[in-house]
Amino acid sequence: MFELGIVKRNILRADRVAADALARYGSATVHEALGRVGLLQSYMRPIYPGGQVSGTAVTVLLQPGDNWMLHVAAEQIQPGDIVGAAVVSPCTDGYFGDLLATSFMARGARALVIDAGVRDVKALHEMRFPVWSKAISSKGTIKATLGSVNVPVVCAGMWVTPGDVIVADDDGVVVVPAARAAATAQAAAQREALEADKRARLASGVLGLDMYKMREPLALAGLRYVD
Amino acid sequence: MFELGIVKRNILRADRVAADALARYGSATVHEALGRVGLLQSYMRPIYPGGQVSGTAVTVLLQPGDNWMLHVAAEQIQPGDIVGAAVVSPCTDGYFGDLLATSFMARGARALVIDAGVRDVKALHEMRFPVWSKAISSKGTIKATLGSVNVPVVCAGMWVTPGDVIVADDDGVVVVPAARAAATAQAAAQREALEADKRARLASGVLGLDMYKMREPLALAGLRYVD
Amino acid sequence: MFELGIVKRNILRADRVAADALARYGSATVHEALGRVGLLQSYMRPIYPGGQVSGTAVTVLLQPGDNWMLHVAAEQIQPGDIVGAAVVSPCTDGYFGDLLATSFMARGARALVIDAGVRDVKALHEMRFPVWSKAISSKGTIKATLGSVNVPVVCAGMWVTPGDVIVADDDGVVVVPAARAAATAQAAAQREALEADKRARLASGVLGLDMYKMREPLALAGLRYVD
Amino acid sequence: MFELGIVKRNILRADRVAADALARYGSATVHEALGRVGLLQSYMRPIYPGGQVSGTAVTVLLQPGDNWMLHVAAEQIQPGDIVGAAVVSPCTDGYFGDLLATSFMARGARALVIDAGVRDVKALHEMRFPVWSKAISSKGTIKATLGSVNVPVVCAGMWVTPGDVIVADDDGVVVVPAARAAATAQAAAQREALEADKRARLASGVLGLDMYKMREPLALAGLRYVD
Amino acid sequence: MFELGIVKRNILRADRVAADALARYGSATVHEALGRVGLLQSYMRPIYPGGQVSGTAVTVLLQPGDNWMLHVAAEQIQPGDIVGAAVVSPCTDGYFGDLLATSFMARGARALVIDAGVRDVKALHEMRFPVWSKAISSKGTIKATLGSVNVPVVCAGMWVTPGDVIVADDDGVVVVPAARAAATAQAAAQREALEADKRARLASGVLGLDMYKMREPLALAGLRYVD
Amino acid sequence: MFELGIVKRNILRADRVAADALARYGSATVHEALGRVGLLQSYMRPIYPGGQVSGTAVTVLLQPGDNWMLHVAAEQIQPGDIVGAAVVSPCTDGYFGDLLATSFMARGARALVIDAGVRDVKALHEMRFPVWSKAISSKGTIKATLGSVNVPVVCAGMWVTPGDVIVADDDGVVVVPAARAAATAQAAAQREALEADKRARLASGVLGLDMYKMREPLALAGLRYVD
């Protein structure tokens, strides 16, 4: 359940080494390593391709058409954080632009993940401040109603607790609970190591059917080859 | 209310200097300068990133799956115009491709804003003819039923009167009434001047909370900081 | 009607020369040349711009959240094929990533067209393996339930028979029946030849109104010019 | 272009007899009688089936998540009016419930047409106050930012001028310009008279092919019958 | 692949007894009995609740905004048919109303399934002519461009061949290939017989966990009960 | 964060009296009484109108296309519960029909709220078992992959903890945290008492402008009346 009108200053951030390490594996591998949970809905898209980040979550709960709490959140950002923002009811307005990005970068933020719209996307691209959002819109917002900062939020269908690790790239956005960050990084590293070998074998023409030993289970399931 | 079967030849275009000046401020700043009205719905997206234009509107009202009126509109284009096209019921067909773009460019058009689909998008990108549309579709159109040219239309939720200024960039599309073009350009220039200073202060680490003097109104609204 | 649990090994591929030739005309011209049929829905988008391919269809029918049949399909791929994949009920999961792409490329596949999601899109771009999909999602899939390979499928609203030619570019995806591939290529070539001349005339300022002799039919339809 | 912060008190309502007469023909017939324009987008649906109304438009321009102007509008309602409400950016919140409906009914309003959400729909049904809306949502709204009353608005893609006639039923919502209300009612009456005869002939087994004399134009268009 | 401009007069209808029998089982049971294939997308909804029909398909391929072929189709209807209509590109216009319904009923049609919009829904309800559609819209259509009648079509994502059995109720629409109609009716009858017994046991408090013997496979899959 | 493969047997249900009392106020009033939070997205709709319930949440986390965990959940249901079901990635399949409803009713469940599809909706209506869902679909599901029962889930954008109170009616679905159930019921009762008086005054013709004392703040905000 959401709480409005609260800013929590002291949050328990995930282990820094693990939080930083997760970026290199990307959202797809981390999602697998975490046991196939933690994914935001696929309508969350990067405003420009190629960004790949991980960091600790500072969460924001916003009112529709109102970005007041993003200004409040800026003060809570520490280097290595990613801001994860949700809205209490659906909205596509442009909550965030180059001025807020300048402020977030000055505080050490690595990215913004927001279940709403943003604007100034050309400038954000030039500044290399990556954003994952639901929409792009020129429409700005007002500053009139309280939300919260650093309370648990639901962002694009996924629960985000302050301090969790957010991993985002061109494939999407995954949230890793702080307590599982180190184990997940380890599992992701193992997956990646295995994949290099598989990739080489597949490139040489070995079929997944044989490499993964799928022929027998497929036959058991009743697959018939016909001419 | 829409009228079908009409081409209006003499329209009152917005002041040329103001119409041309608005491009540099971009849609987000112009939307603010205009008092936060005039924005087309955010599903209108550029077919390639980086275009930023303004110009005077030649409007077109189209039938679903029928681009006849775009050919009629071409003759009404003057240098500095942007064609703003609406459809009487929703359609994603590709109304516009490289041949029409060649013709529009030969007439001096700067862009197309269309609440429907377009095609030949790779060629349009290579020609650097910017388009904002609802869809991209290979499906062409027929030429069978009348619409109108240079009547007021509703395009992506916004009223566009012939001669209005259309401003479009990666953030979206805004319509500025002809009579307010000069005042809006002035207001946009003022906003931009203020933003440069703000940007520098935010980059130096000043918080928006302090720069915008938000701490007192937040406290009055009841914001609580907890540890 | 779909059949589950079947892999058809011998399919009648379209004439290779025609199948290869269609790529250069692009989906919009091919769609016209085919008589304005054969187009997949416009929500099918390339994961990166600029790809333009044609090839013979190997079809796959998938279960929601299950990519088992893509592995089965890999073995049926021959050089020059494009895999066309449908799902029995709507799903946006990421069915396909860089490992499967490595395998598909090793078999000679030119592209994937899938009415579902894919992942590893940055890697796919770097590998230059083009994909047209409904979604991008980090979420992987399981391997538990049978679908089919090389049965007729409905992909994004269009019927695809194994061996048909698939043509895809930035404008969308078109399916050409195998038996009509050569005739369609010829018709597309004729269209393209005509367009070069038209383009030159339009660029010189000739209006489509005159070039296409539209003034009389427009007048007959009742178009009125007003001042 | 929209104006904010304005209430226009004296509006020119359409002829009362014509405005009242249009209800009986329903939205589909009126849309035809008006020349196939004036229709709101088809996502506008009645909250309960069976309502069929017409009336003169009192228009409201709302801010997202804010229903302040509906209270202002109540005072401008006269018996026989229908309130037509638009929002400056998309919102599905519940702007209207049984209390406002009580007030609107006390003023003589016949219906609400709103490009947003409403709530208390069971009570509204019991009160027999018909509403056409984009959404149903329990979420209430605040009262903080000005919009306008009785300015022209764009509602669900259609321009509504204060005093226009709104016609709504289970098929959708049509707007008839005040100046054309009488002529449209007459044209609708003629259409309806013709339809009674057609219905009887079709019920007797006469085919539309023959009644509308379509066989020759179909043959000319190239239709082939095959066995 | 679709063919335009063709009316096939002689189609092979499914066995009448089987086609008629399928209605009583409903779409969900028939979908299971058919092996979980054949379902149209779930956006196809009845215009009023409670209809439950089956019949042999007369198919129609329509152009966007053009219902000419529905008139052509009327002549091909035989008692016990259901018209299945697709459009070559997406459209929500109202293709069908009470006049066409009168004609269809006079020919013996049992229902319409259309991947587009319809209108006059109150009258259709009063006439008890059931329709499953994608949209409801007052907007009528023109009669200008050829489609086809009784060619295979893709309707809401599913292939429909003339003569197939269409089964529709409040849960959705399923297509049963003509050749499998009798076997499917038999399988559906068996399913239904089994369900009566299951229902009684579940109503008495027996758990599905026990009735379906799920406890062991769940334990094998690793399910853990915690307190 | 979600956990898979777990069934929690002992959950702390909200106070029974409060949980039962909330139904009568309905979702809109409860949403206000709770401080305007707790609302599921508005795409969650009742399968038939008129249901109005409250109860304690038994939560279920499902895999796409797989309803195994609903059978597991049945055993955890106690009289007065409402089952709240989420899926780990978007799915519209029909997870629930009359057999499961029979079992749920035998256990004392009052309703199902599911962020996916259901089927047998006519039977469910006849049984008077209310369901709020995202879709209706004939398509059944398999029983192959573990989810969880009675873990916290995100359902249609809202966090649901086992034991919370779910309130649902024609306006939508609201979740009340167990610890706040009694206070929310009290606040809702107060709101309702106030509304009766307001309703009477509005019905007598008093304007909300006066009853809520809005004229002064509107004037301060700059509202202008023009003639």
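To keep things simple, chains are lettered A, B, C, D, E and F as they appear, and every chain counts its residues starting from 1.
Following the convention adopted for this analysis, contacts are C-beta pairs under 8 Å (C-beta built on N, C-alpha and C of every residue); 3 or more make two chains touch, one makes a residue touch a chain.
Everything numeric in this text was worked out from a predicted model, so none of it was measured.
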### Message
Of the chain pairs C-E and D-F, which one is connected by the greater count of C-beta contacts?
### Response
D-F
#### Entry: Interface numbering overlap (same over half, different under half) for chain B and chain C
different
### Task
Go ahead and note the Å separation of the Cα centroids belonging to chain C and chain D.
41
### Message
Taking the mean of the C-alpha atoms as each chain's centre, how many Å separate chain A from chain D?
### Response
43
### Summary
Between chain A and chain F, the Cα-mean centres are separated in Å by 28
#### Entry: Per-residue overlap in chain B, given as positions that touch at least 2 other chains
36, 39, 89-90, 92, 137, 139, 145
### Task
By the touch definition up top, name every chain pair that qualifies.
A-B, A-C, A-D, A-F, B-C, B-D, B-E, C-E, C-F, D-E, D-F, E-F
### Query
If you look only at chain D, which of its residues touch chain B in the complex?
1-4, 35-39, 41, 88-90, 152, 154, 157-159, 161, 164, 175, 177, 180
### Message
Which residues of chain F touch chain D once you look at their complex with the stated criterion?
### Response
26-28, 30-32, 36, 39, 42, 45, 49-50, 52, 169-174, 195, 198-199, 202-205, 207-209, 212, 214, 217-218, 221-227
### Query
Contact residues on chain A for chain D in the complex?
63-65, 89-93, 137, 139, 142, 144-145
### Query
Okay, in this complex, where on chain B does chain C touch?
5-10, 48, 68, 71-72, 74-75, 92, 94, 97-100, 102-103, 105-107, 117, 119-122, 125, 135-140, 143, 145-146
